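For reference, the structures are reproduced in the following blocks.
Next come two complexes built around chain A: one with chain B, the other with chain C.
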Partner chain A sequence: MNAFASGQLDLAPRRRGRRSSIGTWRWSDRIVLLGAWAAGLTLCAIAGAIVLYMGVRGIQYLHPSLLVSSPEAALDQSHSGGILDPILGTALLSLIGILIATPLAVCSAVWIAEYGRPRWLGRIMESSIEVIAGTPDIVIAIFGLALFQTQLLAGFSFVSTVGGAGASGGGVFGRSFLAAGSMMSLIAIPPIFAATREGLQALPTHMREAAYALGKTRIATIRRVLLPGVRSNIATGATLGISRIIGDTAIVVLLLGASLRIEPAGSTPGLDVLRGTGSTLTSFVYDNSPAGEGNAPQKAYAAAFLLMLLVLALNATVNLIARAHERRTGQS
Partner chain B sequence: MRRLAPDTRGLRSGVAGGLRRRRAPWSDRRAARALGGVSLLIALGIIAMIVFVVRGAWPMISHQGLSWLGSGGDVDRQLENMLGTSGNPPSSAYYFRAWPLIYGTLLTTGFAVLLGLPLAILSSIFIVEFAPPSLRRVTIPVVRLLAAIPSVVYGLIGVLVLVPYVGNHLITAAERTWMQNRVELTGAGLAPAAVILTVMITPIMVALICEALITVPRAWREGAIALGLNPLRATLAVTLRAARPAIAAAVVLATARALGEAVMLSMVSGSRSFTPSLADGRTFLFEPLRTVAAAIIESAEGVGAPALYAAIYSLALLLLFSALALSVAGYLVKLPLRKYQVRA
Partner chain C sequence: MRAGPITHEPPHLAALADPAPSTDPHVPPVRRIVVDREPTPVRPPEDRQTIREARTAGPERLRVESLTVTFPTRTAVKSVSLSIHQGEVLALIGPSGCGKTSLLRTLNRLTELTPGARRGGRVLLDGEDTDEMQDTDLRARVAMVFQQPNPFPMSIFDNVAFALREQSRKRPRKSELEPLVTDALRRAGLYEEVREELDRPALRLSGGQQQRLCIARAIAPRPEVLLMDEPCSALDPISTGVVEELIHELRRDLAIVIVTHNLAQARRVADKVAFMYLGDLVEHGTTEQIFEDPRATRTRDYVRGAFG
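Let's look at the complex of A and B:
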């Protein structure tokens, strides 16, 4: 987690003495300065335009009734139902993803920051997290497809009974909430890992020394002293992870299937939903855009607006956590 | 600095040690092993990913060698033909030439990085050195917002706003009739794809470059100003120069992001494996294309067909390989950063 993304950018106060007057600058310098201003303002303008446009469309099309009704298959947009199932799908998927990702990421961050021996192994770990961070989500989705089609993991996802295009008739599609959620955890691991490690490295050494002086073992120090100290970092990382999961489309399209409603598979309550298919806000937008099959732009706008609100809220949460942490510890 | 654990090995031996071990359920060594094991899982995941993708792509490689990277024929039709395969298809069913997809990916990525880099450098300079504090407080969250917007939202705006605009106002009727026999110009194509991709990757670069610019010691820049350079010259000559490795790292990261973008490009690029050619002049910008990642997500419905499965996995292998290569490149370009004690 870098300081920029967590909102803790703090610059040394700039001392401005006598301002050098721009009038004395060369023309080429003035043009570059103008370019810098233009670039910064362009970014602001683009963001403003996107938020404004999505806001207008969202308020126009997002009726409260949409939030509580399930999608229906209909040609006419006024009869195609609401977006309740995609919302539930998004929530369920983020829950699964973050529940898997957080322990994995925190454990490896702790191991690398506090143990990290042998050195070469620590370095391999660090680079493997970097590789995950750099792997496109579509490749992760493709990997998940192959992984959950293997016989060993077939039980985790619903088995096609209609045969589909499966080679052996009734082939395993490898699509389910569990499959998509566990692959989602891969894209949530890097931010949680980075935030936790950053936090651990920022903790002053005397905290560790004090704990060791009291006779605590290293693992006890980690559990009782260090982890509580980086709680807000973990929260920041997890929030960023959730916002990544919520915004991801490729994994959902490939691993959750394209059914509009949440369709349980099997008969065990609870497990049936996890093994079943469904949709999320992202896949709903994708399917209902002119590029997809549904072509219901109004519904797509409504869902996309909701999606943006969620992401904005998560961003704001990250800032709040950072600020609360700052206030509590008196440092940034 | 963090290797300060007291050596308790002496204490552990003997009766006291036995009691101690019983009371403390997690000995240090066991904890280290457990935590290390958990993190090993992640590394194993990476290896599994490479193994599974290579295994999926293997039929294609064994039937076609590496010639599937080349050009020849209409790749859209080849993918469609493969959809019909089943059982154990003959070698001829694997005919696949992915060059148009690779070309489309290179084109969109190249355009986006070339457009985005100057924008990112200029706006980073603006944020770090020249923005008045009030404006800086706005710009930083704005950049973070742009980076956080899901790609499908960008895609939706692209396909519902930008594509119709390009189709209705920028493409002339003459161009449409001229291209009629080769491809239909709808507005979806290189221009909207490159523009939106630029907006998507610029914030990533801005974040990294800003971070690096801040870390460069301010005294260096102040020294340059004291020597008579104006603030802009000092920034360009000293701060930006010192941050060059970070800029390279930002380009690498942005390239990786652009290569892997599937959803947005599948929505706005026309999804037609046409190869836009510079010889067409202005029309070049409006010609549709298809990228590797978009082809994967669009063909994924048909993974049941063995030949198509192999084709999709070989495309994924290509992306995975590029991502790994970019990771290595990113590591290499970040090495000189250590000189300035910059963590990036």
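Let's look at the complex of A and C:
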């Protein structure tokens, strides 16, 4: 286009690469290019430094025995136990969060992509999810605390007896795996929603038409054709959601409590754990760092290294899902 | 004649498109698919021929009465009347953009899914006005095969079974579906090639096999009419030959309407041919008559390759 416009087409053929030579650039352009290179390389260096440092520290302190023993409250680091409970806590919170978030996010994505009428309601719904996505997790946490401290939801959380012996009316409640998990679902909804909606919008129209032409209703088309078609998108979104949940600290600290071990509340098996308190890898790192109470930085490094490995593994999973999906649809 | 009710809720595409500002205060912007039964003024083109009632092979299945289809920017089909009989293949021919596909898609009310599409005239299936029917029932009786093979991303078996499931409240078992699925695959001439691998993903099949799978899927619920929108244009000559033979076989039980750009194909597969030009049905008659002895000059020019 440019060649046509400037009439350069009828000049003799030039050496290849001449146009991209920096020598012909203006100084301001050269500086910006240099800045772009520098910024990119710096970020790579920072990422590499984090992984390297955590790797060295982690390999130094992360003994396999830590993974299978519970933490102990001890000042001596050699007696302060392992990180089994935080690992289980992270897994349980992710499970609760993702079980609540996935159906909600997928349903709203289907509604937006396949119905979306009236339009103003669709816009409100999309903005609401954007608001949730943009809300700092500490705000979600304090909101959850307010929510679960109402008498109506008291059954979902344990009653802390700190400060008032027994259930004498002075107990504090509002914190439990259920409370933290349901608020965690909020931070997992946006990625699942976005991935599902994008997947639905990318499905070709002829797929829907094929189903309608077979006399299928809209809902049968969604259930049997469209949702199976976006299965990998949902999986990608859910994996991203999990990695956000396991990386979150604020909600854990405010809504799960700060005990090191998983402490069930009540006597119903299963429900007692959900109503109880515990810790996750993130809250364990916080508590054991010099900023927290435990001051066991070695354990904190071990847990942080494990946390980083988990998140890296989840990101790799996302890439694998996307690549498998590309391979499958590329064949069609 | 009356202005008809809304017969279908806004479809997926309409849901995403910006609502066009409605000039009619009685029509809210979301209700845009309106069945307009007001008689459309018939434009008398000088070379319009009286539609010849040819010898018919079976009972009349579909009857199209002064059908008009308009889109916001153009009129695709202008007051076309046709009748389609069981046991015969009707080919719609004509240059691109002449309303062949729009006409075809109106026969199973698929045009309703296009935002802004309006329709005038009537389509009768076995004497019953298709507007009075549930769209899902209509489409189960008037099946369609598309230009691009479009199997669903599931197994071969599930593709065919999908058409059969959900017809009833109760979900049929796989063992109940198996004979129906194999029968449909057999009638589509695909069974011998895929009998060992019914659980393979349908998208692994070749293009011609995919199209025959789509035909099997379409005929599995035993429809009365089969609409085919250029079913061979994405296929190689050998697959095209297979599909054309299939059309010969299938017409015993079905009325078939096929849109094609390929005049030789129309000649090979069709019993009757309708020539459309710029939305008008210019001429309609037996294949022999249209190709050997066309009455309108435009038909003659087109079948002799003077334009198109």
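Some notes on this structure:
What we mean here is this: the second predicted complex is superposed on the first by the 298 of 332 C-alpha atoms of A that agree within 3 Å, B and C clash if a C-alpha of one lies under 4 Å from a C-alpha of the other, contacts with A are read in each partner's own complex, and residues count from 1 in each chain.
Here, a contact is a pair of C-beta atoms (placed from the backbone, for glycine too) under 8 Å apart; a residue touches a chain by one contact, two chains touch by 3 or more.
None of the values given here were measured: they were computed from a predicted structure.
In the overlay built on the shared chain, the residue A:L214 is in contact with chain C alone; chain B does not reach it.
Once the two complexes are laid over each other on the shared chain, residue contacts for A:E114 go to chain B and to chain C alike.
More residues of chain A are touched by B (comparison of chain B with chain C). In the overlay built on the shared chain, the residue A:P228 is in contact with chain C alone; chain B does not reach it. When the two complexes are overlaid on their common chain A, residue A:H206 makes contact with chain C while staying clear of chain B. By the document's definition of touching, of the two partners only chain B reaches A:L43; chain C does not. In the superposition on chain A, contact of A:V131 is made with chain B only, not with chain C.
Touching of chain A by both chain B and chain C, each in its own complex, is seen for residues 113-115, 117, 205, 208-209, 212, 217-218, 220. Partner chain B is touched in their complex by these residues of chain A: 2-5, 7, 9, 11-12, 20, 24-25, 29, 32-33, 35-40, 42-44, 46-48, 50-51, 53-54, 103-104, 107-108, 110-115, 117, 121, 124-125, 127-132, 134-143, 145-147, 164-167, 171, 186, 189, 205, 208-209, 212, 217-220, 222, 243, 246-250, 253-254, 282, 285-286, 289-291, 297, 300-301, 304, 307-308, 311-312, 314-315, 319. Residues 1-2, 4-6, 8, 24, 26-28, 31-32, 35-36, 38-43, 45-46, 48-49, 52-53, 55-56, 83, 86-87, 118-120, 122-123, 125-128, 130-131, 135, 138-153, 155-157, 159-161, 199, 202-203, 206-208, 210-211, 214, 218, 225, 230-233, 236, 253, 256, 259-263, 266-268, 271, 293, 296-297, 300, 302-306, 312-313, 316, 319-320, 323-324, 326-327, 330-331, 344 of chain B are the ones that touch chain A when the two sit in their complex.
Residues of chain C touching chain A in their complex: 9-13, 15-16, 19, 30, 108, 110, 113, 135-141, 143-144, 146, 148, 150-154, 162-163, 165-167, 201, 203-204, 214, 217-218, 221.
Residues 113-119, 201, 204-218, 220, 224-225, 228-229, 328-329, 331-332 of chain A are the ones touching chain C in the complex.
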